[in-house]
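Which chain is which? They are A, B and C, in the order written, and residues in each are numbered from 1.
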Amino acid sequence: MDTTTFEIRTGGTFACADLTDRIAGWLGGRGDGLCNVFVPHATAGLALFETGAGTEHDVEKALAALLPRDDRWEHRHGSRGHGADHVLPLVVSPSLVLPVLGGRMALGTWQSVVLVDPNGDNPTRTVRLSFLPG
Amino acid sequence: MDTTTFEIRTGGTFACADLTDRIAGWLGGRGDGLCNVFVPHATAGLALFETGAGTEHDVEKALAALLPRDDRWEHRHGSRGHGADHVLPLVVSPSLVLPVLGGRMALGTWQSVVLVDPNGDNPTRTVRLSFLPG
Amino acid sequence: MDTTTFEIRTGGTFACADLTDRIAGWLGGRGDGLCNVFVPHATAGLALFETGAGTEHDVEKALAALLPRDDRWEHRHGSRGHGADHVLPLVVSPSLVLPVLGGRMALGTWQSVVLVDPNGDNPTRTVRLSFLPG
């Protein structure tokens, strides 16, 4: 298994960071196998969706409705409603497995690998890529 | 790694398509390893639940409540509320990993592998299976 | 691939059972690879979140709001609202993949592997661990 990490700046607000090109670059030249994308953070997740057509904003809106950033949460520190960020990984897992063929992710036309980070208190995130050849 | 794709007809309405038998057939005769099930679509996901006892309808109802098909979504094209379909993969991932022992998925008695497809505009879907022996 | 199962008592009420130490113990002494954690049950899931600071209760509260335990569900047996437990795996997958380096899970500081079991009718659960070296 080959593995690496990289840092990505998600800034001080809700962010959907498209990781697709970065992952594709690292996988280039490899053969077939499975690639695990993993975010070693308790307040971020990974998802596959279409970017650039409004879904980033829809994701933000959906999460605000599903996990409201208000005072209902027992886990409290940092910004108001931050407890919701700690529940995010329940719904949006920080671990994702992608099939790789000839060094390329076998994604659909409209799929991008996206880091979903609602937590403005952590402006920089780590992403781990692990490739298990088969 | 051995990999294949197949097409499945999900029709013009919300669909829960049970893939279990199809996957079991492809895995038969293999040994131990991990099987990745992957849907290369931006508006479908995969889940493990009990089929045949009403949960398919409950899943449809739950998604209608969690991600309402109304005009709130910025991503708009096709049918009304289709933007909700683009948020589906945030909650229901299109990638699933299953442990395989002696060519059989190590599923629980009541678990079936289900393609969840809320998008009536795409009546046919592709599923990729990848088996990494270990 | 090396694989094992163990039983865990989750009791007769909603439970978040921290599996991290148990998994770490089993992985100890291994090298690099991917570990699949899998729950062969139709009414439980796995998540990575911070334990010990209130998020367990927040997870219970969030699930009660997202999937209410009332009479809306078609799948009915056992306790009232049990149909919601059958929808849980749609949102909280019973399969999770973790990167392993030198026999240790590459988790973030605040991440724990948690079995989420809303179903008080099943007081004991099985967990399967599978390690695919790479």
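We adopt the following convention: contacts are C-beta pairs under 8 Å (C-beta built on N, C-alpha and C of every residue); 3 or more make two chains touch, one makes a residue touch a chain.
In this text the structure is predicted, and so the values were computed from the model without any measurement.
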| item | value |
| --- | --- |
| Rigid-body rotation angle, chain B and chain A, from Cα fit (steps of 5°) | 120 |
| Chain C against chain A, contact positions shared by both copies (same if over half, else different) | different |
| Inter-centroid spacing, chain C versus chain A (mean Cα positions, whole Å) | 20 |
| Residues of chain C touching at least two other chains | 34, 66, 91, 93, 97, 132-133 |
| Chain C - residues contacting chain B, complex | 1-3, 34, 36, 38-42, 66-67, 72-76, 83, 86-87, 89-91, 93-95, 97, 126, 128, 130, 132-133 |
| Touching residues on chain B, where the partner in the complex is chain C | 32-34, 47-50, 53-55, 57-59, 61-63, 66, 91-93, 96-99, 101, 106-111, 116, 132-134 |
